[in-house]
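Shared between the two complexes below is subunit A, which has subunit B as its partner in the first and subunit C in the second.
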Partner chain A sequence: MAPQSSIRDTFFEECEDLLEALSEGLAAMAGGARDTETVNAVFRAVHSVKGGAGAFALTELVAFAHRFETVLDAIRSGTLDVTSEVMHTMQRSADHLADLVEAARNEDVLAPDVSEAFLANLDLCPGTEPEPFDTGDTPFDFAAIPLDFGDDAAPAAPGGYVIRFRPKPRLYQNGHDPSLLIEALHALGSCEVVLDLSVLPDWEGPDAMSPGLGWTLRLSTQESETVLREIFDFVEGLCELDISPFDVAPEPEDPLPLVAAPLVPATGFGAPPPAASAAPKQDPAPGGDAAEGRGPKPTLRVDLDRVDRLINSVGELIINQAMIAQRLQDMALASDEDVSLHVEDYRLLARDIQEAVMAIRAQPVKPLFQRMSRILREAAEATGKSARLLTFGENTEVDKTVIERLADPLTHMIRNAVDHGLEGPDARRAAGKDGTGTIRLGAAHRSGSVIITIRDDGAGLNRPRILDIARRKGLVAPETDLADAEIDGLLFLPGFSTASSVSNLSGRGVGLDVVRNAVAALGGRISIASVPGQGTEFTISLPLTLAVMDGMVVSVAGHTMVVPITSILETIRPAPGDLHRVGTDDSLLSIRGRFIPTVDVARSLGFTDPSARAEFPLLLLVEGENQSQCALVVDAVHDQRQVVIKGLDSNYGQVPGVSAATVLGDGQIALILDPDAIAAHRASPAAPVAQRPSSLPDLHHGQH
Partner chain B sequence: MTIKVLAIDDSRTIRSLVQKVMEDAGFDCVCAEDGVDGIARFAEVTPDVVITDINMPKMDGYGVISTIRGGEVNQSVPILVLTTESADHLKARARAAGATGWIVKPFDDETIISVIRRVTGARG
Partner chain C sequence: MANTDLAETDLEFVTFFAGGQSFSIDIGQVREIRRWSPVTPLPHAPDEVLGVMNLRGSVIPIYDLAARFGLDRTPESPRNVVVIAMHGSQTVGLLVEAVSEILSVGRERIQETPDVRSDTARQTITGVITVDEGMTRVIDLAAVVQPRGKAAA
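Showing the complex of A and B:
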């Protein structure tokens, strides 16, 4: 069997669902659930992985799933108690099963000893003797319909067979048609069929309606008896069957009064006698809940490319809508009530469509969170700590890409939390805490953003030590005095690692800076809060979607630019006395008794044309990483609107300080600023953020 | 006349495989994803043969078989059990429930087609 690759894809997609169901079920069992439904669901998940894997000849996967299934079956039937060891073995086995699926998907092979170790663990589960699983030389070459007969080596027939065949009522009830069996025999050689009427029931008797026909067949063939028996395989036990070989010379030994019949009796025999409908009673037990409805809501699986194409088109629609609105305004038509009504309808409709389309890409974070419980288990095991994961807001929906790209940073942070955050069991108990540490992973929607929090109840950040390390590494000047939040922020600096020894866990040469970059690449931000002795909390804030955002349209040195609304705290028109010059170019904004550094966006992007500058600039107070604030100097603020994000990297290249571009209502292309990056460079104003200002794209080519 | 097959399996993979094999063989194939769904589809499509998995949510394969056999319509339709289990007692149980025949997973295209022809009498 060479199933199409699309079915292979289906299999791996299904495996994701099954593995999710498995880990969900096991989590419920770990929490004490032993109900049939939960255990069955767990069993079925493994069973379905095995069934599908068999179709693709994924032998290793099948063998492991089979062994796993045997243990689950023992639990299901009550012969194996779910002790904490058994539970642990099952969870590790589920992890391994996921690895095997992943390996199969990537056409990798896992080291065989790994599987063997897991198999050995499963073997330790008492009362679950592994059933031999047929992995012979050609394990998946489909032995076709299994035969229950040991006489494969039966000698070829001397000349043929006399077959006496008398169906029982059950044969008809099970949907068999004797004529088909006779036909099949006929295909093996020349066949003489005689209808045996001697068993016809008495018309007047109580069995009048029971089927009473029988046949005696004389089949001349060179086929072995095994082949013959194969034809009757399904009806074994549903009929009286007697097969005896005869020699070449047919002997008229059959004493039965026979009536010669045509080769194949009328196919009308296929219809079962009326008795059939009375005999098998409906089994009331299994899910007699047909009225309960058709289960989950119908779903449709769609190629992601199609959705993305749709999203792209909707983006164009939004731009188009904005352009029309603007054009109408330019033509002074917007004041016409009729026109403005329709334009407003158009705008709302476009928004609706956009939201609906975005919802297609939205997925709950649940599978992602569930994966983290495995990471936690492994991390706890590797560090000898005891930890549990509590998750919240699992049904919070986030853009699919965000979820995918969040997996690595989250993995890293969970490992960090176990490795660096939590204390060892003894230290915890000494501090009066539960020996088992708790890591809380939560998700929630908050005003257009998704907030993901990772909180441990460990010792909290050791700030003196962080500062010490940062000083030794030259990350901060020796005499600088830093606030707590600033010290915490040092963790995100490239190359920072507080682990005194590089453990094989979180210390994989990746620091929190990588996490921060990954989050930033998603348009998000990460912050940290810590209370000594109580724990540390990381908060990741992400945009709901990567396709649109709310932005403030500003001009900078004659260029139109967009600043993400989420980073703007306040717009300020400073009074002349509010700005205090520091050095030659820099100035500080004095606001409510504080001094905040300002960043001249035009200068940091390398726009040097003074004629395009406003006489009275505006300031946008933005909050960067680590809650540090700065004020961006722009020439004018136009309006606030939703913009469609167009990646710049793929079309143009990376421009420091600029995160993406968009097309405005009038067709103008505008760059979307990255306030964090701009603010980060305020420390070195001599070097513009954009290294090659001359290579900035020409933004003023009007219509596109 | 085209043979109409109803395939009941909770595994999307197996459903896709069966459907493809059936359609390649020129059969019409309707799929259902659990026993309850299967029974509903059975009433709608009046299939010539039913292929069912055993281990399914809501209603298992045995339930499907006994529901069909105990019904009023098309109750003698051939029902094939598609199962990973080749253990004899499972076959015996399927037969006791009223299964016409069984196919062991993983199946190959020819086997499943030949079994269908065998129980339906379809040629070609």
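Showing the complex of A and C:
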């Protein structure tokens, strides 16, 4: 049913936030925080997940969350000390909880023994002996109050229950729908619903906004009262609810008392709960409140498609503005003409809007980094190493797509850092270091780019070994002499893997070249720096957004094209003696004592109109696949500007040598070149990989 | 498409001329008809792909329908128009010499493509419809566009 499924979606969206809060809280606890605030936040997160899961009958999730919660409660009440073992169990359990949520979301079932293993781990926590737990009966009770067990027994009334239910205004404000709740009751058995009009508010009164309708339901069911209460868990505190067996309240027509009515909380935390009694709510962690949007800032969930549509339109706006500006310029008006000033305002406004819209897509990298702490834990466990993750700059905002597409490369690099970067505990101590390795993961904005750094304090790159492996694999010629940075760069070559034994962690045949390609696909670059004995640092530099790009506008055989700035190392106007012909078609550029192959872009694209060619071409020095440099020959370089990226794939398909297109100020389309592909195109017919990298460049010549 | 199961309802086609022949396309696929404007050529594109055009911010490929059917490229003329058509989520433009009319015909008036020798014709024409002075060829937009979408090497 559609409304149900959308509530379900909302639940899972909330779960994401809750799990994030959970992992944040646990990280704080792992860092030594023991204050009630933090522990409560962790408890609340698990509790809310459980509450929501109960409403959707996700029993496995509820059962696990419940057990987890019990242990957390013991920590909260001080009966369980947070030792490092307990902390570890907590974190692993949080991971498992996330898995369970994910499985529930995909309607998968995890292997039950996995859950059992985790449950067993939780059971090991002293002082929190597992209580008999039955998802059907006690999902909302906590171990600390033995009296609660009385409630478990709330026997299924032979006939059924009378439920009096009267929503408070907040229930509606929070987007709940009484009809869905009533529908859920119908599912439990035959149900008579009587609308309780007697409590209609005084129409003349000042508070006509608050709905006063209530219902009295007579439900015949075999289910226990707890099952009924689960249905109302989400609206706990948002309604007046009274559930009593038939024999206790035989007259369902009784009007509900008004404000004075005792509230029966759906979660009877700390309250001795005889079936129909009333107890004021004491639980500081009501599940229902979680729906109100925690955190200091109110946020809005928006379908990504809508944002993308907006971004598209703003892209159009920018182009349209550029077109108008160009027309005006063509008209050669006096510069103090009113209209010119207005167009300038228009330009500034359009840029403002664009920035604001782009900011919608920007998200902090925090959730991504948090996922990495899990990867680190698993990697450390699998390798028998001890490691901690320190993150900084996690509020740095990056385009959502970039974040999504960064997850895999980052996962890989964290695993790599643990597996290959860090030494084992003994080796570390022998080297005079802390037995626990530290991996620092950071993000920062730097001049229009996002810089992600992954740094370990391990042994650093073993360069002689890297060189040895590269030589054995034929990646470098045996006699070549490489500088340190060049050796480091070998790690990015396809098919390179330093692990002498293929571990089940990183040695999956996926090397750093895959990471490099993923980063390159995002328009970014990656580099390595390493100091023997002190560690290795990877730096990934990424564009802030994928929707716009800084490009250099060039002419190629009469066509206007754009080359991404990120791939251009420098532009060169060759002196007559700099180009050396090789054979009939090829030529080499001599620069700073090296020879670099040139690629005629026009010819590589199949544009062969000689009349459109410039007499004195310009060269763009770019770094292609495997860091091999080459110089692209173009006819002219016009200017540098931000361009809105338009894909060609959706309406046409891939075009060799072209990554996308953009719309210029005159409304014409310009193709965005893919320097990598053009350079590779040159190499593809001959030159096997093994012969190329003799000219591996320095990775750190950051000139752009 | 002409072969769906809308029994006995009339089908509507936009008919146009390309390479001196009459073609038609299901009206449901036609989005708009535009004046010709210069396109940006694509490298390594097949003959019939003239290039890409800016349609309100979308980059759409323009196919020369005549060239697609193995006829000569449509000569440049200010009267040329571009039929903007949708195939699934794909938007493409078809360059034609002129759009002639909207044809409303019963399903039974569509005849199967006679057994012609040209492969292109067999693959890209789903049927023919008799009109007053001759016939119009119903094109299968998917077939016109598809093979080029994949590997245009």
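Keep in mind that, in the parts below, the second predicted complex is superposed on the first by the 444 of 704 C-alpha atoms of A that agree within 3 Å, B and C clash if a C-alpha of one lies under 4 Å from a C-alpha of the other, contacts with A are read in each partner's own complex, and residues count from 1 in each chain.
Note that contacts are C-beta pairs under 8 Å (C-beta built on N, C-alpha and C of every residue); 3 or more make two chains touch, one makes a residue touch a chain.
Source: prediction; values computed, not measured.
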item	value
Partner chain(s) touched by A:L648 [first = subunit B, second = subunit C, both, neither]	second
First (subunit B), second (subunit C), both or neither touched by A:G460	neither
First, second, both or neither for A:G189, with subunit B first and subunit C second	neither
A:P364 touches, of subunit B and subunit C: first, second, both or neither?	neither
Partner chain in contact with A:P245 - subunit B first, subunit C second, else both or neither	neither
Partner chain(s) touched by A:G175 [first = subunit B, second = subunit C, both, neither]	first
More subunit A residues in contact - subunit B or subunit C	B
Which superposed partner A:P597 touches (first subunit B, second subunit C, both, neither)	neither
Subunit B versus subunit C as contact partner of A:G54, first or second or both or neither	first
Residue ranges of subunit A in contact with subunit B within the complex	1, 3-4, 6-7, 10-11, 13-14, 40-41, 43-44, 47-48, 50-52, 54-55, 57, 134, 140-146, 148, 172-177, 179-180, 183-184, 233-234, 237-238, 267, 270-272, 276-277, 280-283, 285-290, 292, 294-295
Complex interface listing, subunit C residues touching subunit A	38-45, 49, 52-54, 56-61, 89-92, 148-153
Contacting residues of subunit B [partner subunit A, same complex]	10-14, 16-17, 20, 33-37, 39-40, 53, 55-60, 62-63, 66-67, 69-72, 75-79, 84, 86, 88, 91-92, 95, 97-109, 111, 115, 118-121
Residue ranges of subunit A touching subunit C (in the complex, touch as defined)	312-313, 315-316, 319, 559, 605-607, 646-648, 650-658, 661, 663, 667-671
